[in-house]
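The two complexes that follow have subunit A in common; it is paired with subunit B in the first and with subunit C in the second.
Our next item is the complex of A and B:
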């Protein structure tokens, strides 16, 4: 499971970015996004986040909650996006990409393998990248957060994460040296966010 | 505005009912011939002018709000026949609407297939006229659109006129290929589609060919001609296969000519051939299709009185399904009086498109095109209209009614349900015992496992045929309910390809049915059906072409529904790309398509949110990236422009992304598109890029645009002010145009 967390100002300006991986079930906490091409790693996450703002704008008026749960999916990269709203209109967006599924269809599809070779090979490449630890832990964590990103457990874990980040965010922006709309550069805040990520995700 | 789609079916006035035109049409012919001469011209001009007819931006944007779920929207969207009626004067106007256009394209792709079987002397006669393929090749292009309105009666008894009805002529016997390796054939067929597209793109790029300009491909939010070609190719691949009967002949034209010395014997011989001779259909094709007898009279060499005598004799023998076709046997050239160019076939399968070499190179004098005398064209059109309107459609209606009565109603009734249920339970009981033998629970045993088909007279095959007939007659309600009936049967028999086909067509006919409202639950069930169909096609049968066809149909039909359906259309398109079914050029086209799906979702009325501009813009950018990688900078430029238009709604006035990496990506893309474009035009890159920064260029034009608007707003109440301002505005406008030209050409 790889995560990309962004705080966006009400005018869509990014205030804070962090990418991290899961620390549960033997993960090393380093993000490994899988996109069709390595070159896309730099901008794809931002594109996906940006495009999900469409959904967020719609979801934000549909209910009174601050935590909007899972709002959008980007199927080509199997990325899921959860969102959290602060009262000032700042948006927290978390993109999570579950680890490569263990490719059960490749064996059952049989004759279909030929046609699906494209996707299968790309999967192979990335799971190779994952290394031994990733693929072995995949099976162990099949019931945990990582495996099914839309499950209630995941929603709950993300909610906990968001709430903790929100607490720290409020403390950070109350700093007298912070003006509204400025980028959040505080290393303390960054540390807190990654700690929350380790704790909950 | 009452459209046949929305209003409950009204009993038509007596002059409208289907019986009347059929009786009257014989007498009406002379008048109609004159009519259709006039309509012939626009028909022929249309394919040439069609692509360049990109509606102005204002009209396309004004069309967008229609897609919201207002009742008006549905009536506009769902009424193909009505649009056609309103645009009787100019067929071009009716085709401008993209959603309707693809819908009509899909509907027309499922038109009845009519086999052609001509005696050698007939083929000889036609070959004299320059058609190497014989009689079939001569009449084929004219069957694709039948002039005038055709009235079809549905199962309830209400009739409806269709302007865009067509029939597909195939060479009997060629339609069912001798068991070629299906897997190899299908895979290569997708590759063939790609090759056709590549060829088309190359012909666009080459400056000598003026038929299609890249500008034609940029029409925002309408369907690009290239995508239409792709869709048409995809839908016309299918050859006859057991699991669906769309490509099985509905009728067969048996033709002899007046040169034949023993006409009745040869007719009998031809008939015997189709029944049990060399043109006998395989076991999965229903052999009781309509036979239609045609006598081709040679106007130039033979005596009409002889032919009339023979024709009378034929009528006595064969009843109503006869026709006397009067053709001239001399070849027609351009310089002849009354020469008419033979229209191009719209539904050429990719292999056919690839097999005939690029024709203009063959013969420069006659530019490779065939010509016919106007009288011949009239005669052929009249013949085909009579064939379809008076024989084929009534035959199909009759078959549907009979089968509905005899086979389907038995299944639909309570007893039928009980029977199928008891069969299921019996299956449960027996499956535990007979699981070793492999017969699944509740299998009817009609399915031929070894060869993978149902024999034509089993009820499953007949029901499928009935459903397909009613689909081709555009009675989607009956079709959908019949497909629904069949789904469980096929699943019980583990006839996976049939199963997939039933699910696919059930979803498609539900979507085509204009009365079905797009409620959320319904959409979900449709999604489910497409999902099952895809799974069965791809994983169980590994039929990539059918999978892709199914997904594309899902995309197009859901998109034309608008609203939240457009979003799930985008999801299906992504699915198709994900499954690796789409070749590179197709990927670009699908990217554009996803973008347009999202773009068709407009913001809610009065508020800023609810649209999908960011997603649409993102996919446009990705499509531009894909085109660039394929070496098609002109297409990439079009996508880029579209992306800028879409992002303009959500980005700040400066049009800059707030996220740094996105901005760099967009800038790099813009630059490389520009460089690639200029390189392709053979211009000096350094000089050009040195003099004008593409970024500045874009932004200034954007700003100019806005200022223009404001000025016109401010100026409008003050007449004098506007007068003084107009020259400025005009020059600005000119500037803008120049800029655009510079960007594109």
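Our next item is the complex of A and C:
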């Protein structure tokens, strides 16, 4: 599973972005996106994620929730986009691309594959996420986050991730040296986001 | 030791009974804005910003000491060690609700360090990453001025400066305070 996370200001200025891979199911935390041409890896994610903004703007008035769940899919690259909206209109967008279903997970999750497998059903929302290391094989359970991008478990994991990022985002923008609309450059924040990614995704 | 615990009880008591409380974020954000604005006004000349903050603190301290004495009813300190305790356990306690640790005394009892475990002025703060602020800006420098101003009003000339700050990536936030001299009453210059 590869992720691309981006923060957009209310006026669609990109403030922050980060690419990372899953650390669950033995993933090594490195993003490996699959796009038709390898050279496109750098900007395809941005194309796809920004193209979902229209969907987001439609979805944002439909309910009172900040977490808008999975709002858009880009089938050619089998990418899924989840969104989170802060009250001031800043958007958090997460693109996730599951590993190719016809390949064993280890081929997409790198040489470190197989050290830890995760059964998400064993307990969401607590240390259960870390406790699923009983089996030593590299199998991904059918309900794991990676295999089912639209399952409730995934939605919940993404929600936890978004909430944690939001908390840290609030702290970061409270810094007196940050001005509204400025790119978020704080290394502390970047570290917190990757930590949240490791923890929940 | 017993006098030190007595002092800290005084601080606690005052904090509970006599002190008006205000939202911490109001203070943090207001102070942060002042510093950020100064940095902008001085065009990123952090030495001048430090100096200006110290001066602002000095002016605050000269008035704050009056308020402090009125609230605490503290008598005269017998020596500089008592003064240090009073600053940490009553002064910082009632105005910022922190009690920095007094430590690292020199043998002549004229210099000590205040170690701040927490610093309400610096919550949320990340120094600008322009490569200089990390080395030049003392974000909480206003506190040095406050100490200098207030102690000057009670006949102590001191010098205070920060030696480390967690905002810069140091392990602790430490302020060094040294007594320069006790100010004796001076005769006004004769007006011939």
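The working rule: the second predicted complex is superposed on the first by the 162 of 201 C-alpha atoms of A that agree within 3 Å, B and C clash if a C-alpha of one lies under 4 Å from a C-alpha of the other, contacts with A are read in each partner's own complex, and residues count from 1 in each chain.
Basically, a residue touches a chain if its C-beta (ideal position, glycine included) is under 8 Å from a C-beta of that chain, and two chains touch if they have at least 3 such contacts.
It should be emphasised that the depicted structure is a prediction, and the values quoted were computed from it without experimental measurement.
*Asks:* Is A:13 touching the first partner subunit B, the second partner subunit C, both, or neither of them?
*Replies:* So A:13 only meets subunit B here.
*Asks:* Contacts for A:61 in the overlay, against subunit B (first) and subunit C (second): which applies, first, second, both or neither?
*Replies:* Once the two structures are laid over each other on A, A:61 reaches subunit B alone.
*Asks:* If we overlay the two complexes on their shared chain A, which of subunit B and subunit C does A:176 touch? Say first, second, both or neither.
*Replies:* After superposing on A, A:176 lies in contact with subunit C but is clear of subunit B.
*Asks:* Considering only the touch criterion stated at the top, classify A:86 as touching first (subunit B), second (subunit C), both, or neither.
*Replies:* A:86 contacts neither subunit B nor subunit C.
*Asks:* Under the stated touch criterion, which partner chain does A:23 make contact with: subunit B (first), subunit C (second), both, or neither?
*Replies:* neither
*Asks:* In the superposed arrangement, does A:75 touch subunit B (first), subunit C (second), both or neither?
*Replies:* first
*Asks:* Looking at the overlay, does A:151 come into contact with subunit B only (first), subunit C only (second), both, or neither?
*Replies:* A:151 contacts neither subunit B nor subunit C.
*Asks:* With both complexes superposed on chain A, which partner does A:188 reach: first (subunit B), second (subunit C), both or neither?
*Replies:* second
*Asks:* What is the contact status of A:43 with respect to subunit B (first) and subunit C (second): first, second, both, or neither?
*Replies:* Touch partner of A:43: subunit B, not subunit C.
*Asks:* Give the label of whichever partner, subunit B or subunit C, reaches more residues of subunit A.
*Replies:* The partner making contact with more of subunit A's residues is B.
*Asks:* State which residues of subunit A lie in both footprints, the one left by subunit B and the one left by subunit C.
*Replies:* Dual-contact residues (subunit A): none.
*Asks:* If you look only at subunit B, which of its residues touch subunit A in the complex?
*Replies:* Touch list, subunit B to subunit A: 183, 187, 538-540, 542, 544, 547, 571, 574-575, 577-581, 607-615, 617-618, 621, 650, 652, 657-662, 664-665.
*Asks:* Can you check the complex and tell me which residues of subunit A touch subunit B?
*Replies:* The contact residues of subunit A facing subunit B are 11-14, 42-43, 46-47, 49-54, 57-58, 60-61, 75-76, 105, 108-109, 111-112, 114-119.
*Asks:* Tell me, which parts of subunit C touch subunit A in their complex?
*Replies:* 25, 29, 31-33, 35-36, 39, 123-129
*Asks:* In the complex, go through subunit A and note every residue touching subunit C.
*Replies:* Touch list, subunit A to subunit C: 171-172, 174-178, 185-188.
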